[in-house]
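What follows is a set of structures to go through.
Shared between the two complexes below is chain A, which has chain B as its partner in the first and chain C in the second.
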Partner chain A sequence: MENIIEYLKEERAQDWRNELRKGMKAKERTSRIRVSMPEEDPDVRNKSRIEVNIGLAAENAVLEAQRCIDCPDPTCITGCPVGINIPKFIKKIEAEDFAGAAVTLKETNALPAVCGRVCPQEKQCELNCFYTVKLKKTPVAIGHLERFAADWERNSGQMAVPKTEKLNNIKVAVIGSGPAGLAAAGDLAKFGYDVTVFEALHEIGGVLKYGIPEFRLPNELVDTEIEIMRQMGIKFKTNFIVGKTASFDDLKKDGFQAFFVGSGAGLPRFMNIPGENYNGIFSSNEYLTRVNLMNAADPEYDTPVISGNSVAVIGGGNTAMDSVRTAKRLGAKDSMIIYRRSEAEMPARIEEVKHAKEEGIIFMNLHSPLEYYADENGRVNRMKVQKMELGTPDSSGRRRPVPIEGSEFMVDVDTVVVSVGVSPNPLIPKALANLKVTDWGTIVVDKDSMQSSIPEVFAGGDIVRGGATVILAMGDGRTAAAGMHKYIQEKIKAN
Partner chain B sequence: MADLNTKYLGLTLRNPIVIGSSGLTNSVKDIVTLEQKGAGAVVLKSIFEEQILLEADWRMKKAEEDGLLYTEYSETLDYIDVHIKEKELTSYLDLIREAKSKVMIPVIASVNAISSLEWISFAKQIEEAGADALELNIFVMPFGFDKTCTDNEQTYYNIVKKVKSIVNIPVSVKISPYFSNLGNVIMKLEENGADGVVLFNRFASPDIDINKLRVTSADVLSTPPEMANTLRWVAIMANRVNMNLAASTGVHDGEAVIKQLLAGATIAQVTSAIYKNGPEYISKIVNFLSDWMDDKGFNYVDQFRGRLSQASTENAEVYERMQFMRYFSEIK
Partner chain C sequence: MSKIIEKEFFSKNVVKLVLEAPEIARSRKPGHFVIIKIGEKGERIPLTIAAANEKEGTITLVVQKVGVTTAKLFELEVGDEISDVVGPLGQATHIEKVGTVLCAGGGVGVAPMLPIVEGLKKAGNRVITILAARTKDLIILEEQMKEHSDEVIIMTDDGSYGRQGLVTAGMEEVINREKVNMAVTIGPAIMMKFAALTTKKYNIETVASLNTIMVDGTGMCGACRVNVGGKTKFVCVDGPEFDAHQVDFDEMLSRLGAYKDQEVAAYQKYLETVEV
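Right, the complex of A and B next:
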């Protein structure tokens, strides 16, 4: 930690940073108003896959970067799970060295274009910004600037391939190609390992591809990042289920010395209410995967999802928002959220709720489904919902939803998406008898190394956290890569 | 030797000793033991919404304390109570299925139906899992000051009517004695389809530790004197309803069982006594009943059931006497 503080001090003391600080008074910087992220017209975007946020223009990015006062104690970094040198990359933008800003981001973050779009900065770096903590003002738009630098690099056509150590021919396996797996693979490749990423689905990217819709995170952007990883020497094997296609023992026989498990939390949960098995009722995982990964929005494809006229999405989290906004884009006339608490208790990001409202999503807060009904073909056509009121707070301080007796009524629906959470993927824990798991089904790991109860198996992301942000998963992947490196090197020394 | 066979809720029991809903009936292993020791039937432990909410709270707290589990934007934790409920209900259905495959005696499921209608729909799954009957444990907390007692009572009838409309297995209702007109409520429960009524629910009670100056919980187990109120109402209602009456609370030995049967109970639910004395105690109760019947020359339980109910006895007024004036006035 002391080393990091010293490093940050040294970086801050560099001439170019001193010059920038002198160039504008702190008072002038703090008197500026935060720039807004330009957005596509809601009535246009809700009919297509185009990205909602357009991204900052260069001049606005520089203006926003000038708001950062380059604190001597950059508390924003403490809020970042991968420890990005935030003041440095922002000051690079202020100095209009956009390529340098991108390089700074990639020192610790393999996917800055992704994180700039989907990270909850308001709960992480921006929550710890000097503006938020001390000035009680809107923080520097760190997320917008991160996205700007990453996009600029990609659009420049000069994407840097991170440097890697000389290949040491030690084979390591990464199971799952989501953010945790990609971050682990990137760092392991940098250490010089022969990295193979095994992905159960036919596309690389995990939740970045199947879970997050294109209007928030274009697939093309994920593919670009993956291409860079290929150029780093990382191999990807799709349609490969570790534990089924090949066992851990098979892979060990093939020479793999250590494993990183980032298999995610892909097991959907339901509410166990009558009629939940009718046709037309999906888990959000299935619904989003079909649309995002299997072209289900195209009726010409083998497994289309029916574009419901009236789609109800149960839940109030980010996945629920992704599902309901996807339904709108597939042509639903009424695309509605049915959430049992009020908006104040919603776990979804404020920005996602705002975007959803702009796009015409109907919010039925303080309502909960009781039962589903179907037509003669077993297709859902109505649901009974019950009004709720908020009772006493639970241990987290949020008020409990309490049903209002006699308030039930029927709603016509032809598609229902249940988005009430997920469980960790059970495949790997089932494949490894000695692997310790928690009551939640998550893998037990040492938090400093992400090493599991089986020494050569490390884990991170949703399979450890039950559900996490992209950046937290990436942080785990990086910690695990360091842990795996240490484990392998110590093993080599011992032999 | 006396024949103890008993018909309860249309089910044939080898004797009228039923182990009440409690921790004693929470595992298949324990249920098998209860059968081996002579129980006529078991009522499975009830699932309480309050219990699920407490567990949800506890799990939420543990998740927040855990350095690794993610809680900030978690949809999973947002619905943690629903997931716990689902898990509890699934394991409850498993308990029914497994118990049914391991024992011959009837297995009666129990649902605590205090609030939402979703618990009622669970009754259908209980039936499908193979439960022989369902005991609805209903208690509406009289906290809604804008509601009349008629409104509250109507909730009981609605629950019974609704459950009866969705299941084919017999349904009994376990109630508390706290109604302004208990007899009328029992009759209305029958009118609304109940096949039996269990008298009575026993609530957790507060106590005060005068040494430590703190509020504590009173003993969770019943005591024999608590049986008197059940005895009174079993006797009063025995000839006023056609449905079965189950006597519960304070039934601690064979003598108590016989008293309840004489008053008109179809069966007696025994719980606290088994907690205190172990499952072996069941056979003592059964043997006591059997010996008593032999002694009195009764071949069947129906020969003496209800013989001392209010309608059958000569001094029926005893069951209705609430005040002690005459008793005390006679004390010189």
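Right, the complex of A and C next:
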């Protein structure tokens, strides 16, 4: 920690930073209002897959960057799970050195274009910004600026391929190609390892591909990042399920010395209420996979999806918002959220809730489904819901929803998406008899190295945390890469 | 990518394909399946691994043409590549010597039943196989089944081939004739339902291999869910084989029809494009 503070101080003391600080009075900076993100018209975007946020124009990015007062003690950084040097990259934008801003981001974050779009900034960096904490004003738009710099670099056509150490010919395996796996693979390649990423699906990217829709995170952007990783020498093997296609022992025989498990929390939960297996009732994983991964809404593609007229999505997280907005885009007249708590408790990013409302999504907060009914073909046609009220806080600190007796009523629906959470993917724990897991099925690791109970197996992301975030998964991937490096180097020394 | 090494028609609508898939060949056990996808725009569909050769690094699929994806598969020739093949998936079949086993298959279930019949026979069981279909043209794999069964009984609804009647009539006949220790049924849900009701009457342990709609095949989506003994199970990871007397076939039947209209429309459209 000491040296990080020292490093930040040194960086801040550089001439160019001093110049910039002197260039404008703090008072003037703080009197500005936050530039707003231009967005597609809600009535246009809710019928298409175009991205909702258009991105800041360069002059507006510079204006917003000027709001940042380059704090001597930048509290924003404490809110960022990967510790991006936030004032430095923002000041690079102010100085119109956009390429330099992108380089700064990539010092600690392999996928800034992704994080700038999907991080829950309001709970992380921006929550800890001086503006939020001390001035009680809207924070510097750190996420929008991060996205701006990353997009600028990508659009410039000159994306830097990160430097890697000379190949040491030690084979390491990364299992799962979600953000945790990609982050681990990137760092392992930088250390010089011969990295192979194994992915069960036919596409690379994990939730970034099959879960988060294009209107929030275009696939092309993820593909560009993966292309860079290929140029770093990382190998990708799709359609390969570790534990099924090959066992850990098979891979060890093939020469792999250490493993990073980033297999995610891919298992959908259902509520186990009557009628939940009727046709037209999906898990959000199935619904989003059909649309995002299999492109089911495009008639040119073979996979079908049901596009309902009256769609209810159960839940209040990012997955629920993505599902309900997808349903709208597939042509639903009524697309509604049914959430058992109130808006204040919703785990979804605030921006997504705002966008959903603009797009005409109906919010039935403080409601919970009790039972589904179907027509003679077994297709869901109605659901019984019950009103809820908020009681005392539960273990998560959120107020517990309590059913109101006698408040049940019927809602006509023809499609339901159940989005009440996921459980850890059991494939890997099942494939490794000695692996220590919690009662929830998450892999137990040492927090500093992400090493599991099996010395050569490291893990991170949702398989360790349960459902978490992209940036936490990436942070774990990086910590694990460092842990694996240390483990392998010590093993070499010992021999 | 998996290259097609061999292609042999068993009949107009049934083809055997041998694919290059060394890792799957090394890991698979009888009862496992793969998911394949043809090209960028293709759908993911499950197919049972009928056989494998670890030395050659190949797996064998036996496929019946029923819709767009299976039709596309039929068009591929030796030397062509299937863009995506993933597996082995599911739980392996529990095959042991129990005595006499009655295997009842129909429709899309006959192809995936072939490796089970073969396995049961190899384990030393007396295997009696019943193949059922609406009409003569729809009876498939008769020769291959004969090779691995002690007896093959053909049943057609219209009596155009073998005996006239439903699969259950054939089953009752065998059960009344000799001691049956176990039954296996694979086919349309409605057929499995009545097969299960039949064996239940006689208290014969029965396994059904369920061919639900699937997407990922790894437990991630829940498309394949069925109700077994009052609990929701995922066929791709918990199955595909279950105690037939516990399966809610009515629910499964209904779920299989979820995309019927789209599937029929897509196949029509496909046939038009092929003709042009």
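We take it that the second predicted complex is superposed on the first by the 489 of 495 C-alpha atoms of A that agree within 3 Å, B and C clash if a C-alpha of one lies under 4 Å from a C-alpha of the other, contacts with A are read in each partner's own complex, and residues count from 1 in each chain.
Keep in mind that, in the parts below, contacts are C-beta pairs under 8 Å (C-beta built on N, C-alpha and C of every residue); 3 or more make two chains touch, one makes a residue touch a chain.
Since the model is a prediction, treat every value here as computed from it, not as a measurement.
**Student:** Please work out whether A:P403 is in contact with chain B alone, chain C alone, both, or neither, and reply first, second, both or neither.
**Tutor:** first
**Student:** Just checking: does A:Y301 make contact with chain B only, chain C only, both, or neither of them? Give me first, second, both or neither.
**Tutor:** In the superposition, A:Y301 contacts chain C only.
**Student:** Mind working out whether A:L20 is in touch with chain B, chain C, both or neither, as first, second, both or neither?
**Tutor:** So A:L20 meets neither chain B nor chain C here.
**Student:** Is A:I273 in contact with chain B, with chain C, with both, or with neither (first, second, both, neither)?
**Tutor:** first
**Student:** Go through the superposed model and pick first if A:R290 touches only chain B, second if only chain C, both, or neither.
**Tutor:** Only chain C; A:R290 stays clear of chain B.
**Student:** I'd like to check the shared interface: which positions of chain A are touched by both chain B and chain C across the two complexes?
**Tutor:** Chain A residues touching both partners: 270, 272.
**Student:** If you look only at chain B, which of its residues touch chain A in the complex?
**Tutor:** Residue list for chain B touching chain A: 53, 56-61, 63-64, 67-83, 85-86, 89-90, 115-118, 121, 124, 155.
**Student:** Name, in rising order, each residue of chain A that touches chain C in their complex.
**Tutor:** 200-202, 238-241, 244-247, 250, 266-268, 270, 272, 276-280, 282-283, 285-286, 289-290, 294-295, 300-304, 306, 377-379, 425-427
**Student:** Using the touch rule from the top, collect the residues of chain C that touch chain A in their complex.
**Tutor:** Going by the criterion above, the answer is residues 23-24, 26-27, 37, 41-44, 68-69, 83-89, 215-216, 218-223, 225-227, 232, 251, 254-255, 257-259, 262-263, 266.
**Student:** Residue numbers of chain A touching chain B in their complex, please.
**Tutor:** Interface residues on chain A, with respect to chain B: 120, 123, 265, 269-274, 315-320, 341, 345, 347-349, 370-371, 386, 394-396, 400, 402-403, 405, 408, 419-423, 439-440, 442, 445, 447, 462, 464-469, 472.
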